[in-house]
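In what follows, structures are represented as structure tokens.
Presented sequentially are two complexes of chain A, the first with chain B as partner and the second with chain C.
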Partner chain A sequence: MSPIGAALGAASAAAGAGALAGLLLPLRVRPLAAGACTTAAGAAGVVAGVAALGGDSWSVRLPGLLPLAGTHLAVDALSGLFIAVAGAVVAAVAVYGIGYSGHGATGAGSRGVQALLPLFAWSLLLVPAAASVSTFLLLWELMALTSLLLVLAEHRLRAEVRGAGVWYAVMTHLGMVSVLAGLAWFAADAGGETFAALRAGADQLSPGVRGAVFVLVTAGFASKAGAVPLHAWLPRAHPEAPSHVSALMSAAMVNLGCYGIVRTGFDLLGGGPSWWWLAVLATGALSAVYGILQAAMSSDLKRLLAYSTTENMGLVLVGIGAAGLFADRGRPELAALALAAALLHLVNHSAFKALLFCAAGSVVHATGERDLDRLGGLRAKMPATAGLFALAALGAVALPPGNGFISEWLLLQSLIHGLQVPGVATAVVLPLAVAVIALSAGLAAAVFVKALGVGFFARPRSEEARRAREAGPFMLAGMGLLAACCVALAVAPGALGSGLDRAGTAAGLAGAPVLDDGTGVRLDAVSAKLVPVWVLAALTVALLAAVGVPRLLRRRRRRLRARLWDCGGGAPTPRMAYTATSFAEPLQRVFDDVLAPEQDVDVTHTRESVYLVERVRFQRRVPDRVEHRLYRPVLDWAERAGEAARRLAPGSVHRYLGYGFFGLVALLLVLAVGW
Partner chain B sequence: MSALGYAAIAAQAGAVVVGAPLLTGWMRQVRARLEGRAGAGTAQPWRDLRKLLRKEPITAAGTGPAFRVAPALLVASTLVVAALIPLVSTATPISGHADAILVVGLLALGTVTLALAGLDTGTAFGGMGSSREMTISALVEPTILLAVFALSIPAGSTNLAAIISGAAEDPARLASPAGLLATAALAVAVLAETGRIPVDNPSTHLELTMVHEAMVLEYAGPDLALVELGAQMRLTVLLGLQASLFVPWGIATAGDSWGSLLLALAVLAVKVAALGALLAAAEVFWAKLRLFRVPELLAGSFLLALLAVTASYFLGTGGGIL
Partner chain C sequence: MTEALYTQLLDLACGAFLLAAVVVLWLRELTVVVRVLAVQGVALAAIPLLIGWYEDEAALLGISAGLALLRGGLLPYLLNRALTGPRDSEHRETRPLVNVAASLLTAALLTLLAYAVTRPLVALEATPATRALPVGFAVVLIGFFVLVTRRRAPSQVVGFLLLDNGITAIAFLAASGVPVIVELGVSFDVLLAVLVLHILTTRMRAAFGGTDLDELRELHD
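Our next item is the complex of A and B:
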């Protein structure tokens, strides 16, 4: 048996044991046992994924496991990449989860959550390994259902959780229907439902059918990836889930939406015309800018992170779209570069976003607050958590020497050099895509300066923040694992080079663009070079010089403490400090036309005179405009349709019998006339 | 060669550190003379720095590590940029790493650390300054990267050494519409990045108009010296880069001798001093824009950069990528 099969088998066994442990063991040992099993499953997933990235492949057919179709599993390098990422996130987050959920029988520590988490983790590992339509859809649905139930874990504690659950349930299933319809149509026309049969039969499909299949499948997968305008579930479900579940969803589950697009678009359908990929690119660009703008406006820490997920998935989709475009225009080496950039960004995003959600979870755990306006001063109370959040934020803002910089650099390089591809479409689209990436990177810097500076720095703005305590050892250990991943990706991305090439080859885009040069990234397809270790070393040397030289010149060595500048008006209170809302105000004004904030000023006059004001109430909200314009009308329409339908059912038995009679007669008439 | 290359790196970094306060002094002097004042002399910023460096370090109460480390990190990131970009020579041992996107990222790193330090003080001024600074820097980013894009098209690479040595060999690139538009776009971006009029006023202390000064209000002593030096170095580096990109002559190339290195240093000083004098003279006649008019200026520069990229595609500058 190949190492991949053995590892996936071990992961399944560990996940099963974890589910049983979560269900049966008493509360005292439940989180530890279930968490240990889930960690083992994740570690086994990493082993399987790394083996596949190393060039191994594996496939198996289990005819007895499912009626009619049987189960088909296959792992190539592309699957391996997603399995490895999911496995690493699962392993670290499971360690974190032991500490996070060990504080009560409701919510994260409950029997249901502890039993479901291993199953969710298992489905994350197995979805990329599915090799037939029925197996894929079954695992996809298992992933959707387990994650839905996990989102609902804290429904007893907060009423908003239920609303989030309904949104998620509806949208994930609409996405599922879209994917199901697309893949079923594909399978029917290709003459088989295994991925091998789809691959073989893809050429016989008419262009119209291919386009329709791609649109249906991509719509479903894009909604899972949180792409605008199908993102509405994401900023609701991710914040309301327990934080370790948020981390799994944001760092492992949304990836699979991108996996689905790459797998069907490149591998199964074998590429397609430019308009497919221009649509993907446009969706990605819209998601990137809109997502990060909403994150800039958000003062809820976890909601901000969720919107940032939309942004990063948007960037990945830009890379995927560019790859498809270049492949269609006959430049496979540039296509492979763009796809490698997209996949590397996906890996980087998983590392820093899992860490960000875990750190946010520690804050919620310690303070019970997610509102940045009520946090602050946490760096003194929770130094390790603050440091880890800062490390992850450095990755998220895509600045050197963070890990996000490397993948955004690759993405920019692929787009800049994509101008070699002839055609007016590329000449117009690529500069705009570069501008979109730049704008989203700039806004991301503002977003994470806000999250870190307002949430963790300055002084506490509430009693809860003042009483915060550092996270426990398990939580810190889990976050430490994720931080190690971030650092490794930031320092030695070249180690991933050959694996990324194999993943691209598995997707049908051969070429060896990202050469493994030990530590750096050197692109042979284009003339560019980046050695992150060098950047880090240079910064360190310069920093030592900048700290050391003034110290030598200084005559008085002792550091004095002094009061803050208070304009002579007494010590500044925390209420005077900038909040997240005030920090975002200039950006909100600049993007007024896009965000359309709602403002409400309510003036109450005194009874004696209208010239005297008793009370002024000011309220400003920045609603999700896409949701407002796109979903609200549909929901209103559905509600009105429901009202109208209710008039058909007044409760009279005679009326219902009448419906039955007329319905039957109408059916018989149709049959008599039609046949 | 190698010794010459390392000497070039040291010369660049040293010139930027030593020259940055002198450039600021020179610009203030030009401005003072144009306004009919005598001025404090070109070396005054150096005297200020010496005074500040000798004072005892002061930490404001309630601030944390971000506040302490930000000045040094600002100087460090600018120092790396100064060593990296081809100001004096295009053939240093590290010129292969001088990627334009990396340079943009390193400069943004300095901005972000200072903004975090502003928030770390927990005062209204600090938060206000960093909020405004991050807003402006987010809006500048697209302009800068599109200008980089436009410049990289003829050279076929985002490597600054390749761009500059290519432009020195083929001056037609600079006079092309793409080159001119990119120059204009980058000039506006440089004004915004260095906090000059009309985006920010470096000599203001009025809370309604402060951006950079509000962020660094709590700094004193040697920390303030580093912040001042960092800001001055950023200005020098960006003006030097602008000069190298669009007047690429005089920069030493591979195979040049010690003499040409010295010549390149002198030429750099002249170019940067001329640009600085131009900027100082322009500032006498300009007024600072309202904060919420700044996005209009930046949108204009973004448009120029976009035009630069599309112009270079449709008009075809030849060579390189196309």
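Our next item is the complex of A and C:
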């Protein structure tokens, strides 16, 4: 038996044991036992994924496991990459989860959550391994359902959780319907439902059917990846889920949306015309800018991170779209580079976003607050968490020496060199895409400066923030594992080079674009080179020089302690400090037309005189405009239709029986006439 | 038994079966309706008796006896017990949603529809039993019609029994009956349903002082 099969088998066994442990064991040992099993499952997933990235492949057919179609599993390098990423995230987050859910029998520590988490982790590992339409859809649905139930974990504590759950349930199932319709159509026309049969039959499809299948499938997968305008569930569900579940969803589950697009678009359909990929690219660009703008406006820490997920998935989609475009224009080496950049960004995003969500979870765990405007001063109370958040934020802002920088650099390289490709579309779209990436990177810097600066520095703005305590050892250990991944990806991304090549080859885009060059990245296709260690060393030297030289040159002075001059208005309180909202205000003014914020000033005068003001109330909301314009009308219409349909049910038994009778008679009449 | 005699007897039984269903629509006095239902039960029991006799199947004869006992005896008896209420007006279907004349006309139309719909089934194999198949179908539709248009709870039970008699007749006419175990299960189900409806009727009378189904209007959101 190959190592992949053995490792996936071990992962399944561990996940099953974890689910049983979560269900049966008493509260005292439940999180530890279930968490340990989930960690083992994740580690086994890493083993399987790394073996597949190393060039191994595996497939199996289990005819008895599902009725009619049987179960088909196959792991190639592309699946292996996603399995490895999901496994690493699962393993680290499960360790974190032991500490996170160690208190209380409701919410994260409850029986249901502890039993579902291993199942969710298992579905994350197995979805990329599915090799037939029915197996894939079954695992996909298992993933959707387990994650939905996990999102609802804290529904007793907060009423908003239920609304988020409804949004998520509806959107994920609409996406599922779209994917199901697309794949079923594909399978019907290709004459088989295994992926091998789809690959073989893809050529016989008419162009119209191919396009329709791609649009249906991509719409479903893009909604799972949180791409605008199908993102509405994401900024709701991610903040309301328990933080370790948010980490799993944001760092492992949304990836599978991109996996679906790559798998069907490149591998099963074998590539397609430019308009497919231009659509993907446009969706990605829109998601990147819109996501990061909304993140900049958000003062809820976890909502901010959720919108940042939309942004990063947008960047990945830009890479995928560019890869498809180049492949269609006959430049496979550039296509392979763009796809490798997209996949590397996906890996990087998983590492830093899991860490960010875990750190945010520690903050929520310690203070019970997600509102940045009420946090602050956490650096002193939670130094380790603050440091880890800063490390992850460095990755997220795409500046050296963070890990996000390398993948965005690769993405930019591929887009800039893509300008050699002739054609009007590339000449217009690619520079725009470059601009979008630059804009989103700049805004991301502002977003994470806000999150880190307002949330962790300055003075505590609430009693809860003042009483914060450092996270427990399990939580720190889990975050430490993720931080190690971030650092490794930042320092030695070249180690992934051959694996990314194999993943690209498995997707049908052969080429050797990202060469393993010790620790660096060398791009043979465009003759560019980046060695992160040198970047890191140069930065360190520059930083030391910037901090050390003035200190050496400065004369030693006697320190004077005095009260801060307060203009005679009394000592400044934390309420006067810069908040997240005030930090975002200039950006909001710049993007006023895009964001369309709603402001509300409410002045109450005293009863004695209109010249004296008793109270001024100021309120500002930045609603999700896409949601407002796109979803609201549909929801309103559905509500009106529901109200109208309610009149069909007045309560009369005879009326209800009559519906059945007349329905039957009408059907029989149709049959009688039609025969 | 010759084939001609068999055909004539079977048609007679089926005719009585359908006629009983139409008479149920025509009558208002519920005690009489229940008696008609007993007659229909006997007519229904005659169908497997004839088929069993003609095809020499002893099992069908046994089933026929059981059916006669259940549909011609036990169920009408239970229904009659439900009708032993205090007030006389409760025993009449005074104001059906569709009046008697229109009901009879509808029954004719439904019978036509049944004949039209079952044409392809009859064409499959034109034995005497299959040719009588539309009768079972018509009784199903008439039973459903009774359910929709009659107000009293006992009338609803009668409609339900008509529907079920029709289904049983279809089973015998189309496939010479279902396996004995299934037939037993279905009969037991019907018996339980009638018992439950009996209890519900009693409860309804206790709660509202009547069995008019239009008193129940809470079933909406």
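Rule of thumb we're sticking to: the second predicted complex is superposed on the first by the 635 of 675 C-alpha atoms of A that agree within 3 Å, B and C clash if a C-alpha of one lies under 4 Å from a C-alpha of the other, contacts with A are read in each partner's own complex, and residues count from 1 in each chain.
As a working rule, contacts are C-beta pairs under 8 Å (C-beta built on N, C-alpha and C of every residue); 3 or more make two chains touch, one makes a residue touch a chain.
Given the structure is predicted, the values throughout are model-derived calculations rather than measurements.
Peer 1: Pick one for A:Val634: touches chain B only (first), chain C only (second), both, or neither.
Peer 2: neither
Peer 1: Just checking: does A:Pro431 make contact with chain B only, chain C only, both, or neither of them? Give me first, second, both or neither.
Peer 2: first
Peer 1: In the overlay, work out which of chain B or chain C sits against more residues of chain A.
Peer 2: The larger set of chain A residues in touch belongs to B.
Peer 1: Identify the partner contact of A:Gly658: answer first if only chain B is touched, second if only chain C is, both if each is, neither if none is.
Peer 2: The answer is second: A:Gly658 touches chain C but not chain B.
Peer 1: Just chain B (first), just chain C (second), both, or neither: which does A:Val610 touch?
Peer 2: neither
Peer 1: For A:Leu68, using the defined touch cut-off, is the partner it touches chain B, chain C, both, or neither? Pick first, second, both or neither.
Peer 2: In the superposed model, A:Leu68 contacts neither chain B nor chain C.
Peer 1: Given the touch rule stated above, what does A:Pro400 touch, chain B (first), chain C (second), both, or neither?
Peer 2: After superposing on A, A:Pro400 lies in contact with chain B but is clear of chain C.
Peer 1: Looking at A:Val601 after the superposition, I want to know if it touches chain B, chain C, both of them or none. Which is it: first, second, both, neither?
Peer 2: Neither: A:Val601 stays clear of chain B and chain C.
Peer 1: Can you tell me which positions in chain C touch chain A when the two form their complex?
Peer 2: Contact set of chain C toward chain A: 97, 110, 113, 116-117, 119-120, 141, 144-145, 147-149, 151, 213-214, 216-221.
Peer 1: Residue numbers of chain A touching chain B in their complex, please.
Peer 2: 376-377, 379-380, 397-400, 405, 409, 412-413, 416-417, 419-420, 427-428, 431-432, 434-439, 441-443, 445-446, 449-450, 452-454, 457-459, 526-531, 534-535, 538-539, 542-543, 545-547, 550, 553-565, 572, 574, 576-578, 582-587, 589-590
Peer 1: Can you list the chain A residues touching chain C in their complex?
Peer 2: 646, 649-654, 656-658, 660-661, 664-665, 668-669, 671-672, 675
Peer 1: Note which residues of chain B are touching chain A in the complex, please.
Peer 2: 53-62, 64-66, 71-73, 75-77, 79-80, 83-84, 94, 96-97, 99, 101-102, 105-106, 108-109, 111-112, 115-116, 118-128, 130-132, 134-135, 137-142, 144-146, 149, 152-153, 156-159, 162, 217-218, 220, 222, 225-226, 291-292, 295, 302, 306, 309-310, 313-314, 321-322
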